[in-house]
Every structure is written in structure tokens, then in C-alpha cells.
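Letters A, B and C name the chains as they come in the text, with residue numbers starting at 1 for each one.
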């Protein structure tokens, strides 16, 4: 296990050594995790009074030019391989399936218009969407059921997940590409009932005032909620 | 997005899911087709001529029908709508009560096309981002931080029971296949219209256009009769209002407004 | 993705830059690998003529004092967190994850229909189940291999474990609700055809008369027992 590990002489109290130790711990914690970690968790691993922001910045600088980078996704922190090296890494796993156009468009509509109902998605695309399209996006873990819109028929509202952000390397939904264009053209707030206009996609878990919570186990038992 | 995107073989575009709408022409719905046609005008979508677009679309559908290609009903509903819109744009006849102007309707349609286009670009932009597992990778070998406790999973008894019931039920009920309808009812056509061109809360008289595009010429009389009774039914159910200015004059229809969402909210709060 | 990643200016031919690129690739490949990697594979990721030993030594030196080390295990190479930091990251037990839908559906069928074969599960679900789904249920300790059905092909039969009962708070598996209770609770609706029934689950360890015991070491080596 230790072939190339040199013995360390850690001097706990010496200031510089302390700093390095913080770097080592952060690095190890981030390295061991497959999922992005939030700052509260990271802070809990450092001695009281440590400047987490500063430590993260330092770690980021250290990794910036290397083959692994420190990145911020979904408001959390993670180590990821540098994306310019993707083709050099080629894992054994089969390449991910290409999404169908219907799935890409549906995902985009959910991402940019969330919270959004199935009827609204259909209205934008101009075609009915097969149940399979939303289901598979949900199964992939990118789309989730949020709640129910407070309108007749109480249609389910959909939004994106943290995993969606992680997959596309986004820190938050407001980082979505082309968001400004859509917003500028007035496409982001015109589908909402009057009085509920929110000009930005919003994936925060708290329901909006025009949303009701899902009942227990509601999600799956609901083939025609939007009809 | 290039025109070639619209010429993907069926197998490729449908790789991930069963296509619900069997779409013989190879487009993802009428708006998709319209967007492609609009691009041939080679102008900014904001400056598109809806009249020319309607002509192109109707021509396309007419050609498909001449070739005896079965055209999905959504396309025909859109054709009916465009034929109606075209007649309004060409002959500014005295509008029915409270009717939106033809220019407004055309502008709405242009806006929908721009929206779809913008969403497509956004979707394409999303897909060209560096993605986890393709361009960048997460830690491949998670380190067991506590070897005694690997990843824990949770599920509730509720999850278990609903998963079980749902599967059994799906299987048990799956034998009841619904026979495919030959002719769309007027109600279905109107629902498709709402999806395609938005909800019009105003008086319209496009039923003659719908009838023309939705059915074979030989069936027109009977379908006109049955769609008339269907609209009466919808009036009775409170979904629709009907108006006729004099005998044999065109019928005007209007969707009954649904209760406003704001009112709904107030109600639930009480 | 780019929060802390600085733009790289890679000059391919300049010797130093070339070396750095090799370091970056090695680092990324090792980071993303799911297993320790052998030298042949690592060499295949570097340009022809690169000195792998030298690159590994350099990478090892870079990481030696950090929170992550390059280690040699079983003649192969891997990046691991420094072992002196084990206790600092140990609290990092991942939060419990929700079971995937495929897993919960499979589990439900095993629970009700045990002893059940993979083919029977697939028949009820109407889709093939990936080997991973059953495997992970077994790994979680909720599903076990019981024996082999005495039919051609001798497919393995699956059943639930005591841990399954503990997790779901069941005294015995026969406490799972039956047809009437499921209907009463609204899980099943009334449109069900006559003759629809829900089996009485039974997880007694004694094999049923249509089951054979598993042979020694049988379980895992059995990819196509149900085909």
C-alpha cells in the first residue's frame, strides 16, 4: 500500500505544516468521495477556525493545471478529471446511450422552464410526449417530480435534480447555457399563470406558491394527471 | 440547427423510446415541420411570413395526401388551423365578436416557432457541454471510508407495496387494448389545437376547416353532422359556447374559460 | 465545470509541456480507474517512447507528501488517500441512497413470489432485469439465493432475508398485505380482471419440493441459469 509513500514528519503546531495538513485532509476527503461534497461537510473535516474558502481556493490552484481539477457543481465541490483528457481516459464502460431528440428537448424544457407540467412541455414541442420519455429522464435521475400545480386537474410539476447539475457540470441552473437568450426573448415567464411569474428556472426544493406537495407515493400512480 | 437534423433516419431518432405518435412524414410534429419550412424562407424567424408559411405547409400536406401517405391527425389539425388563419389573413371579413385579429394569431404562431427553436438551441447547447462520464470523470474507485458500512440503501414499505401493486396491475390490465379510432372527434381535434396553437378563449369558426382536413371528402357530411352533435355535447358539459348569427350562417365556437388559477388558490386557502 | 479550472495552454512539442501532459494523463487515468491499473495499460495511455517508470516516479513524488498517494498494489498502480488520514475521512459514510425503481420493483416481486426465478421476475415485470439489479439486492442483504428450481435449466430461486424483514419492519413475510388489503389501501384499483390474485408470501428456509439445494460455490458463477 505504501510503496511510494514517503514517511511524513508532521509537526502539528508549526503554522505552515498546519496549513498543509488542511490541504491534505481536504484533498483526501474530496478524493475519496464519488459525489460532490457540500461546504458544511468539508468544514467539519477541518480544525475549527480554518478558512475553508481559502483552503479550497488553494487546492483549486494546486490542481488547476493538472489532470484532475477541483470543480464546483450543484453548489458543492468535487474532484474531476480535466475534460480535455476525456478521450485519453476511455473507460471500459460502454459509451452512454445517445438521448433521443424528444428526450433532449424534453430535458431542456424541464431545465429551463421548471417547474413545468407535462401539458406545458407538450405545448412548447407541439406534440404529445410519450410517457416513456419523461419516465426515462426520471430513471436516469435527471428529472424529478416536484409537486402539483394548483390549477384544475392538479398536474404534476417537473424539475431537474442535483444529479442533472452534476452530470452536466453545472454549479446551478442559472448557469444553463443560452439562458440569457431565452430570457431576453421573453420565453421563460410567459407560460405561468398570472401572478406567479418567475423569470428564471428554479430547482430549489421548496415548492413555489402555485405548487402543492405530492401526496405520499403519488408519483408513479398517475398516468393521466395532466389530462 | 441544420436541416439535416430533420432527416435523421427514423431508427436513430427513436432509439431511446417507443414513438407514441406514428409520424409517417418523419417530423417530430407539426411545429417541427413548420420550423423546417420556415427555415427555407431564409429570414430571421421574427420576420417570417406566416401567410407564405401557411401556403408551404398546406402544399406539403396536400402533396403527402396526393401520394396517399397517411398523415398523422396532428398535422391535419394544424393544416385546418393554418387554412383558417390564411383565410382570415387574406379576407379581412368582419370579425366575429371578440375575435382576436388575424395578425395577432399569426404573431402567436411565429412566437411559438421561435420558442421551439430557442429551446432546441438550448438543448443542443446542453448536450455539447462536457459531461460526466464522457468528457470528465469522477473518482472511479470510491474508497470505503468505513469498511463495515458500505453504501446504505433505503426504501419504505410504501415504496415496496406500490411498486408491487403497480406492476401487477399494469400486467393484468395490459390485455385490454384500445381499438384505434378511425376518425377524430371534434373534441380531440380541439385538444390537439390547444396544444398546437395555444388556447384561444375567443370565438372561432374553424370547424369547417377541421372537417375538411381531418376526414376523407366522402365522409364529410356524416362527420360534420357528428361533430355538430359533439359540439352540442360540449356545450352541454359547459366546455364550449356556440353562436350562429342567422340560419345557415357559419357556426362560431368559443371555449368556456376555465376557472382562473388565482381563484383556485384563494379557495384552497380558505 | 470551469469554476476553478484555468485555461491551459498546452504546447505539445516543448519538452517540459510534454512531460506535464504525461503527468496529467497518468493522474487522470489513475483517478478515474475503478481498479488498480497495470503498467501495460498505463503505457498505452502515454505517447510512444514515454518513460513510464520515470513518469510514475515523478507522479509519486508529487503526491508523496499530499493527502492522496500513488501506491503500488499487487504489481499495479493506484491513487489512494494517505493512510494516516483514514480517521479524518472515516465519518464520511455516504447518506443512505434511495433504491432505484428497477431494484424496488424486483425486490417487491421477490418478496411476494418467493421462491422465484429470474425468468419469473422478468415475466411479471415485463422487462428483462439486469444482472446487476439482483446482485445489488443480494449485496444489500435483502435478497438471497435459495436453491435451484427442479425444471430444465435448473434456474436459481430467490427469496428474501431476515435483514429484509428488519428493514421493512415486518415480523414475518406473510405480514405483507394481500389482495384485499392492497385494494383497501388504494394500491390496486377495482378494474382488475377476475382471477387476479396475490400470492401468500413464504420465506421459510426449508426448500420447497420443487427446489434443489445450491451446490457449493454455485451462486455467482451462473450468468445464464434462467435462459
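Here is the rule we go by: contacts are C-beta pairs under 8 Å (C-beta built on N, C-alpha and C of every residue); 3 or more make two chains touch, one makes a residue touch a chain.
Note that the coordinates shown come from a computational prediction; the quantities given were computed from them, not determined experimentally.
Chain centres defined as mean CA positions place A nearest to the mean of all protein CA atoms. Among the other chains, the CA centroid farthest from that of subunit B is the one of C.
Here the CA centre of subunit B is 41 Å from the CA centre of subunit C. For the pair subunit A and subunit B, the distance between mean C-alpha positions equals 30 Å. If you average the Cα atoms of subunit A and of subunit C, the two centres end up 23 Å apart. For subunit B, residues that reach two or more other chains under the stated contact definition are 129-130, 136-140, 143, 145, 159, 162-163, 166.
Multi-chain contact residues of subunit C, defined as those touching 2 or more other chains: 1, 28, 31-32, 34, 80-81, 89, 91-92, 94, 101. Every residue of subunit C that touches subunit B in the complex is listed here, in rising order: 1, 28, 31-35, 78, 80-81, 89-99, 101, 103-105, 107-109, 111-112, 124-126, 139-140, 167-170, 176-177, 182, 185, 187-189, 191-193, 196, 198. Touching subunit C in their complex are the following residues of subunit A: 1-6, 8, 10, 20, 23-29, 31-33, 35, 41, 44-45, 57, 60-61, 63-73, 79-85, 88-89, 91, 139, 169-171, 220.
Of all residues in subunit B, those touching subunit C in their complex are 129-130, 136-141, 143, 145-146, 149-157, 159-175.
Within the complex formed with subunit A, the subunit B residues making contact are 5, 8, 13-21, 28-32, 74, 112, 114-116, 118-127, 129-140, 142-143, 145, 158-159, 162-163, 166, 194-196, 198, 258-262, 264-265, 268.
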